[in-house]
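In the two complexes below, subunit A is the common chain; its partner is subunit B in one and subunit C in the other.
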Partner chain A sequence: MNATAMAQPGSQTVQTEKTGGTRIELARCTKTFPDGTRALLPFDLTINGGETLVLLGPSGCGKTTILRLIAGLEFPDAGGKITFGEDDVTRQSIEKRRVGMVFQSYALFPNMTVAENVAYGLKVQKVERRERDERVRAMLEMMHIDMLADRRIDQLSGGQRQRVALARAIALRPRVLLLDEPLTALDAKLRVKLRTEINSLLRKLGITAIYVTHDQEEAMALGDRIVVMQKGAIAQIGTPREIYRAPLSPFVADFVGASNRLDGRIEQNSLVLGDVKISLDQIGHAMTGDPIKNGDSNSNSRSGQGLADIYFRADGLAICAPDQGQIRGRVEAISYLGEKSRLTVSGIGESVITLDVDPDFQIAIGDDIHCRFNPERLTVFGRYPDARNAAQAM
Partner chain B sequence: MRRGWPFYAQLGLTVLLCLFIVVPIVMSALAGVTVNVFKGLSSGLTLRWIFEVWDLYAQSILLSLWLAVACLVVTTLAGVPLAYVLVRRPNRLTRMFEEILTLPVAIPGLALALALLITYGGFGSFRSSWVFILIGHVLFTMPFMVRSVAAVMSAMDMKTLEEGAASLGAGFWHRFLHVIMPNAMPGILAGALMVVTLSIGEFNLTWMLHTPLTKTLPVGLADSYASMRLEIGSAYTLIFFVLIMPLLIAMQMLANPGKKRRAALQPAEDE
Partner chain C sequence: MALQNLGEGRSRPSFSRYFGVSRSAMASPATFMALMAPGVAIVAAFFLIPLVLVAMEVANGPDGWATYLVILTNARYFESLVQTLLMSAGVTVVALILCGIVGMFLVRNRFAGRSVLIGLLTLPLSFPGTVVGFMVIMLAGRQGAVGGISNALIGEKIVFAYDIAGLFIGYLYFSIPRVILAVMASAEKLDPQLEEAARSLGAPRWRVVRDVILPGLMPGLISSGAICFATAMGAFGTAFTLATDIDVLPMVIYTEFTRNANIAVAAALSIALGVITWLCLSAVRFLVGEKADVTTRGGA
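This part shows the complex of A and B:
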């Protein structure tokens, strides 16, 4: 639509780096609040120029705190260092950092119209009138809200407010765009639609962006890389595919949706589950070494003996003919989801297991079924006290 | 539609109550423009008493207006930032401060005035200046301004609004003047009306603090009741009403913001 508006050279004070995105580095950062809460344990994090990084984790794990450190709304404990490109911003206030922020509650100014909200930052930066109007118009057009320019904020829907908040945040061409759960307040359908829009907007702008969410799907859809967080620490950093297919810990596996868990054993290079025995070479992702030291799933420590946690999604187990079955279960509930039906099955593990079948498959609650594992889709962790506790403490 | 007797009983009671309040007001106002109260309306209407009141008490009336404006300026300049700090940094100290601030409302005006007299009565020229009364009025009205502004401020998520403004480069003063103040305006307006109304009508405290040269409108009113013809006292009351009624009505309208929104569009539906 209006990519030219972004590319045109603006006033000197508000210009993004030539590469289109500022590289951001946090080094040895920790955060302890005045009341003693250790919100963030020591961590290093680098966000590449133009990259969209998603911070993903349950409520209270410290996502917002990281975002606020980058914004300059909080400062790291002594020893931490934050740089934007070559610029050390560790002690710089938010007013000077040139960051764009989108808040969950939007934080739009109720005393101003849509256009005035978007123009606010330009006014503060004393951009002269004509250029200001031009840029506000371009912003509103890009966000498809030009017809709302003179509306008051309380006359807008949630989705429209979200667009205004985005337009306001990027109008100044910030060095980094920070979004804190921007879609949480919206209903599911709109969320997906805006998610797609934000995604293409971020690609188009080529801006460095950090996006906080607790929604795994949103993280997958938006992130170049995802940082999964757990209790103030980084549990894993990786591309959406890595996080999804190769979680480094039971916590990550569970959090990104591998909600089925079974207890097993590892014996002589095989996974053993009751009568079932599957060679570890066939397992999609097996972590039988120390999950921190041996992040690589191909490490040779995977032949170790002992107990194992098996995680998988609804595609890890499939119904089959009785003579090919590895385990048996009983259907407890069926939910029809359109393109598939999701079964809740008991009798396989301690808790129920979910698996998907063709929606036309004839089955009823109470039926006994025979199932086979799909080894490619299993994630296996050798059991370590720490990893176990972490998964249960969630 | 037929209405039963309870409706008419209620209506009657309401009308009676209203009359109970309104009739004396009307009577008193009429007395102020009647040639001779003892002969009644038949003696004719006149503006003479009004002019006479003006001749006698213009000083007091003007002083009251001046005090109200000065009091408004002081309570706004001090009260708005004060409310801001109370809402933005709620801790033990600020809460204690809020309590202390409210004290003058709870203490009888006379006691407060006595305290002021004991403390500052010795400073002759200060004691006899209007500033002395202003201090009393500010002490008495400040909590109303602070409370009213603080209520609006606590309802508007100031912290996030300020953070949003700061991320756009706005420093403290820009944020305060262009984001906080405009959004707190309903509270400031309501507080301002309250302050002006209270200041104009304040009697207890002012009566103790005043000197013959610093008589305010209500003090003059008492004076006229005590020593003038009934018509003059009534005319004075009439002037007081004319001054105070618009303020009361404006206050009532501010308290009902629902009506203002009538014209506003409904929030849009999400597509």
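This part shows the complex of A and C:
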């Protein structure tokens, strides 16, 4: 079946794949390693056909393990089930799964040329010579590396190597493309360039893709949906906008870049921070685990009071005139970033706060400043014992 | 302003230091000769001069320079050469296969007692050939363990210490540590994701071994195989301890030299042994070396 699917002329490759990718479902999957480590807690995950799903999280959170389960390089514990479309692949080995893989280390065969690398899968599948050459040529052209066909791998730059790796992975028209931190080894500028290329490639092919990264920006740029992982569990699944604007937990907020944190209180439907009082209705994203709605019996919650964690990015707090100020701080450091200057400010919370100002704004280290919150840009988590669970139930 | 001054102040000394370093790196001819002298002296004293003396010794024999051909014309010597070559090649191939598998396994797996096992496998490094020969006798000699067991089981003493099998085992035992260490060094550098990439493209295990693992291990296999082969060609201690009916070339040289006082022939055979070993190694390097070279440099 495999071989017949391969036997179409290469020029049609791109067109046929546009019709939609394979839907992937993981049901009740867990993963325990032989030494007893629980790498993945029970989870369900569905990846729609043609969707690009990003697995985001710090190292050791289990994102790569999920990728390896889908690849067939690891198998889930008994009871888990993985399907590609209608096909149950739970115990199918990677050789049979028809997945394309791209690695951080490129993993190109050093004893083969660029063209031989791309042709390797076709050769293994015994695709006939003429057809094979045609397909390889089409792949190299698509990745804009046709002039490198006869080069050896050690003669290529990092960006070129990753293009070869992509061409090799999609040459076999896999059911799913799995990318494991493919851009991490590249420098910042090239990373952004190749990210854009990968994005348009995935849209063009319409292939189902799963992309692992620890880089929040990369995840936002590429993902149709993002899965944020924490310690072997899924912390949140959502579109980039949802993850960014409405994180479900302090961990997610912190991980996607809301690095300023302040301690506050919630009193009578308002956020209280020293002398500052802001109505919760004005707060951009408040996860207070509303005690009345959830019928929480916790005495602290019943009175509508409790501690709160406040998270915000550099745009959550702005400098203002002294008479309009809600809070005062002292400038500790200034970094000029071109289109803006980023200030490090002490005296507002326990740790320093960063906020952005116009680069032409006259300010010096040691200056006292008055600031105002931008409630729209604040994320507030009521610190009830089960605030997260309550929030997910909503 | 202040920053600029600081920057200049820093860059100037490092500039001159840079030149200082480069000047001493390009040593003057006198310094160069002085530094080379010990190396040249050692090579001359322990290699070149003895080699020339041995090579010259051949001319003093009854047949003069023609003695060099004796290894090809004399049936006994020629047979000994062929035997030695076959034995060495056999030991090398078996050692490479065994150690390739074991070395790869040891690198890819972590288990209790792993370091003890590696220690045991590399232990023969510290034994001289004579001791290895003695061990083989204890294992498979007339009073050996194998003979004792087989006698108890099937009423027949199996003894193979004194024939080609005994020598083979001795040489193999001797070669294993070097090859295993070299394979492990190559295997450490082999990216496991290369194998995963090949498998994701549908390659069955045997193709992964042929297309990915073997090319990756090739540099280590070639260098350790060469050492293994050369050592086996010249191994004397083991053969001497075991020798009854085997005529490996080093034994022949020893016999000609000490018992028959046939110094010219011994010298000719010595040079021939060296040249043939060197030729074999060069041939292997020529045949597979280029590919291996690409593999080492290409490792990302």
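By our rule, the second predicted complex is superposed on the first by the 349 of 394 C-alpha atoms of A that agree within 3 Å, B and C clash if a C-alpha of one lies under 4 Å from a C-alpha of the other, contacts with A are read in each partner's own complex, and residues count from 1 in each chain.
Just so we're on the same page, a contact is a pair of C-beta atoms (placed from the backbone, for glycine too) under 8 Å apart; a residue touches a chain by one contact, two chains touch by 3 or more.
All values reported here derive from a predicted model rather than from experimental measurement.
> Mind checking subunit B and subunit C on superposed subunit A, clash or fit?
Result for subunit B and subunit C: clash.
> With the two structures laid over each other on chain A, which partner does A:L186 touch: subunit B (first), subunit C (second), both, or neither?
First partner only, subunit B.
> Quick one: classify A:R342 as touching subunit B (first), subunit C (second), both or neither.
neither
> Please indicate which partner A:L73 is in contact with in the superposed arrangement: first for subunit B, second for subunit C, both, or neither.
In the superposition, A:L73 contacts both subunit B and subunit C.
> After the superposition on A, what does A:N111 contact: first (subunit B), second (subunit C), both or neither?
Both: A:N111 reaches subunit B and subunit C.
> Look at A:S157 in the shared chain and tell me whether it touches subunit B only, subunit C only, both, or neither; answer first, second, both or neither.
first
> Figure out whether A:R137 sits in contact with subunit B (first) or subunit C (second), or with both, or with neither.
neither
> What part of subunit A is shared between its subunit B contacts and its subunit C contacts?
The overlap between the subunit B and subunit C interfaces on subunit A comprises residues 71, 73, 93-96, 98-101, 103, 105, 107-111, 120-121, 124-125, 152, 154, 168-169, 172.
> Mind pulling up the subunit C residues that touch subunit A in the complex?
For subunit C paired with subunit A, touching residues are 191, 193-194, 196-204, 207, 211-212, 215-216, 291, 294-295, 297-300.
> What residues on subunit B touch subunit A, complex-wise?
156-157, 160-161, 163-171, 174, 178-179, 182-183, 185, 264-271
> For subunit A, which residues are in contact with subunit C within the complex?
2, 71, 73, 93-101, 103, 105-111, 120-121, 124-125, 152-154, 161, 165, 168-169, 172
> Going by the contact rule at the top, pick out the subunit A residues touching subunit B in the complex.
Against subunit B, the touching part of subunit A is residues 71, 73, 93-96, 98-101, 103, 105, 107-111, 120-121, 124-125, 151-152, 154-160, 168-169, 172, 186-187, 190.
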